[in-house]
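What follows is a single structure, and I will ask about it in a moment.
The chains carry the letters A, B and C, assigned in the order they are written, with residues numbered from 1 in each.
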Amino acid sequence: QEIPGKEKKWYDNIHLGGYFQVRYNNLFETNPDLECEQCDEFWGADGGGFSLRRMRFKITGQIGERVFMYFQPDFAKSVDGSIHVARIKDAYMDIGLDDRNEYRVRIGQSKVPFGYENMQSSSDRLPLDRNDAINSGVKDERDMGVFLYWAPERIRHLMKELKPYKHSGDFGVFGLGIYNGQTANHPDENSVFHVAARFSYPIKLKKNQIIEPGIQAYSGKYVLPEVSPEVHTNAAMEYLDQRIAASFILYPRPFGIQAEYNIGKGPEFDKSTLSVKEKSLHGGYATLSYFVQRGHQQIIPFVRLQSYNGGKKHELDARSYEVMESEAGIEYHPFKHFELVAVYTVSDRRYEDYIKQNNHQTGSVVRIQAQLRF
Amino acid sequence: QEIPGKEKKWYDNIHLGGYFQVRYNNLFETNPDLECEQCDEFWGADGGGFSLRRMRFKITGQIGERVFMYFQPDFAKSVDGSIHVARIKDAYMDIGLDDRNEYRVRIGQSKVPFGYENMQSSSDRLPLDRNDAINSGVKDERDMGVFLYWAPERIRHLMKELKPYKHSGDFGVFGLGIYNGQTANHPDENSVFHVAARFSYPIKLKKNQIIEPGIQAYSGKYVLPEVSPEVHTNAAMEYLDQRIAASFILYPRPFGIQAEYNIGKGPEFDKSTLSVKEKSLHGGYATLSYFVQRGHQQIIPFVRLQSYNGGKKHELDARSYEVMESEAGIEYHPFKHFELVAVYTVSDRRYEDYIKQNNHQTGSVVRIQAQLRF
Amino acid sequence: QEIPGKEKKWYDNIHLGGYFQVRYNNLFETNPDLECEQCDEFWGADGGGFSLRRMRFKITGQIGERVFMYFQPDFAKSVDGSIHVARIKDAYMDIGLDDRNEYRVRIGQSKVPFGYENMQSSSDRLPLDRNDAINSGVKDERDMGVFLYWAPERIRHLMKELKPYKHSGDFGVFGLGIYNGQTANHPDENSVFHVAARFSYPIKLKKNQIIEPGIQAYSGKYVLPEVSPEVHTNAAMEYLDQRIAASFILYPRPFGIQAEYNIGKGPEFDKSTLSVKEKSLHGGYATLSYFVQRGHQQIIPFVRLQSYNGGKKHELDARSYEVMESEAGIEYHPFKHFELVAVYTVSDRRYEDYIKQNNHQTGSVVRIQAQLRF
């Protein structure tokens, strides 16, 4: 494809893309006190207006035969209550270890290989927010670390074929790595790395169906970032942080299933003793979807059920949670690059810390999102 | 223009541009206590050096037949006293409702259709800062919202013809929308939208002259962001915020006029009762200019007179203002992409809040700006 | 090279590039209390994990015959303890004064012409951090200002030839300018400019060797940014800030020397009187290197010795320093765009302020960096 005598230009090697999401979170809201800090800071917030959930652009490129780069800032992050500030999401390099880059070492801030939905881009996900259960393991999905990924060429071709079906992108068939463990954009607080491993394998069945079962686990020591002064904690506020999860995906051709479940141990606020204790946790979700193609248009109805029972280490006092939630929604693509989503959510959430020791919120709401991707 | 067999690349669909402004605000300054928070935080600030007023780049593109994107961060914003931080200015998508995109829905953070000078890019404006009177209605000119714009193709062609004469860009002949009302980069604080509408129509006269009369209004409830603890306010610090404005533009071929005036109601600090009250406000400006073209060079002398009488809702205690200001300046383009501006400002400003209850500053200063646009 | 009839596109005029650095600072660390705030905030920090030292991309271009732009943000900066926030490094324009742009005026935030290593990009430097002695004169190397640069065409060609040998880029043979003096991303605090001048001249010797001797100086009044309340200072916390430095470079063909030394005066914490006083300072460094080329690969062993004795004006209480440090390292380029560095550092640092009045730390550590450049 290269014209002889024509040298490569900078724009041949790198690619600029991105997406952003505008939301309205308050239609037919029955309980303004119902919120989900991990999901969307503007859901159940003081005001009831429009908000920008993500404003990302990315610069990526296979800039050398063995060298790949991925840099993605988000301009809709917060710093100390100031919104719409630019901060890093991903900043990593992939170094190929063999000629076909089947083995790669990934260095920098990148996604921790734990959970299919965590790996998947938010621009592809059907529900507006990630599930509480798996995502509370690695809030913001990323961390500073070094990861080894392996993906044979044959499977990579299959992954490309899966792209229209909201596949997670090439995070390898096998991933193994070490990382700081305090989640993205937080510096390390102890000298112990977290370790994570994941194995996920797409399989082509008869009748044109493709499934992808997966398994993953991580373990480490987490240092609590925020504790009320009255609450008792371990010395150095350091806690075991350990999970294992199973994933099952049936790609939507046209009917799809995406289900994951994890169990583990981590810090959790205990209101009877006003302390943070190491406790067990468990939870998961299942998303069912149906892809309808009408000419250039796509319509995807979906439902999701989820539950979570455990602490959220990254929140105040490792806040204690008990979540049951069901959602039904429709994602609609009237043209390329643009999509609209409307979701009806019925939620039952108990979430308690030192400040709100008895806090059980239930309610329903319709949320709407417009997304542009380029 | 497309070469057959050549697929479109990412750089064919999107465009990268931007501009930045370096200023020196202190030449022949007669009163260092004279300042204008809304205009330029480095005018009358502690130091007397160089400053970066704006550092913007933008990524825009008609990425689909009906889908347009506009993303513009500014890297010279502040967060809690830290300067030169990247934050969003614009992040919106335009969805065309008809084949010629004469009707468009704009979703995201974008300019509120209120005021010609507000719509105009700061890289085009002759005076260094926007006028106090209209701009205090929508500080930073933008908000999160959904807007409908209409511009017939014939008028759009005329707008393109006007570009060398510092036309505001295509914000439609008619605009109507709802928005949060707390101004750009501030989350919504109540559940009531602001509503704004604007009608502005360029008309070609004889002798090659073009005028553009316009009218616009908005209404909503604004929640004060910052109030001294000693000051009395309404419950929930919520105030009526309502304005109507008229605009008249004679495009500079070669003599130009740009004049606007608005009246309305909004919160204003009342020092006799130490409270914030709903009060009426009024003010406007007129800018006169003369375009001189000498080969590739442009020289544009201009004067501006402005007055404002009312509160500034977005400042501490909805600070009370009485402004009379006159300016004379020259904008000089020695080559493409680069311009120099020097402005002599004579200002008379009373601005009072709980902390400074008697604060009347007068003085004059010469300010200089170098601007690069790419 | 231009195809007739083809207009120039935006991507022909501007260039996008950048680099980022991932570090591990804690291998075989003998003293966790040994740190260097000016070098790397994650060296000797609480945690012991991976960190992102720089995440930069730049947009540059000769956008007109006489107009050049350079914009470089860093996405790995901090704001109030929040890491990975995007802030400006460089934002300047060059205006050519003659047809060949041998004389240029640089306006905006750019590098202050003081020190060869300061001028050099961090992506080129062999040691991980800049030396304490020269860099403490202009922390972050940059400031808001206006500079005149002169470089005759003949020397420019020589500079291009030097690029593979980690030359600093074209900062002119002669540079002279005024700047705010409070260092990059800090607003001016007084109305007195700093003045800096530099002369640096590459000379081709026999046997293919090239040397570059240089001399530079600056002078101004600096306002302390951070002082403990118990510490006595001058009125207005303003201090003389004045340095002169000599540089000598032998470009590594294959053996290289880079050495610099400066003396001067500036604020320094005095623990006997608990005050900040104007004191003299001195210090410098020498880096020796040897370039080995093996096919496409490069291996560069190096050592650096440095000392510094004086205050650091930009740190708390103009912290008092006495530094002796030696380093030995290897930089390895297995492929284009990617490099690995490992450095063994032996350090002896006394650094004292009001809070730590007796603080002498010694120790050694191995630090590792992976760098991608595009």
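Criterion: contacts are C-beta pairs under 8 Å (C-beta built on N, C-alpha and C of every residue); 3 or more make two chains touch, one makes a residue touch a chain.
Here the structure is a predicted model, which is why all the values come from computation and not from measurement.
Interface subunit B/subunit C: under half of the residue numbers present appear on both copies, so the contact uses mostly different residues.
When the CA atoms of subunit A are superposed on those of subunit C, the rotation angle is 120 degrees to the nearest 5.
Centres computed as Cα averages put subunit B at a distance of 38 Å from subunit C. In subunit B, the positions touching at least two other chains are 11, 16, 79-80, 85-86.
By the touch rule above, subunit B contacts subunit C in their complex via residues 11, 15-18, 20, 22, 26, 42, 45-52, 55, 57, 75-76, 79-80, 82-86, 335-338, 370, 372, 374. The part of subunit C that touches subunit B in the complex is made up of residues 9-11, 13-14, 16, 59, 61, 63-67, 69, 71, 73, 79-80, 85-88, 91, 93, 95, 107-109, 144-146, 179-182, 184-191, 193.
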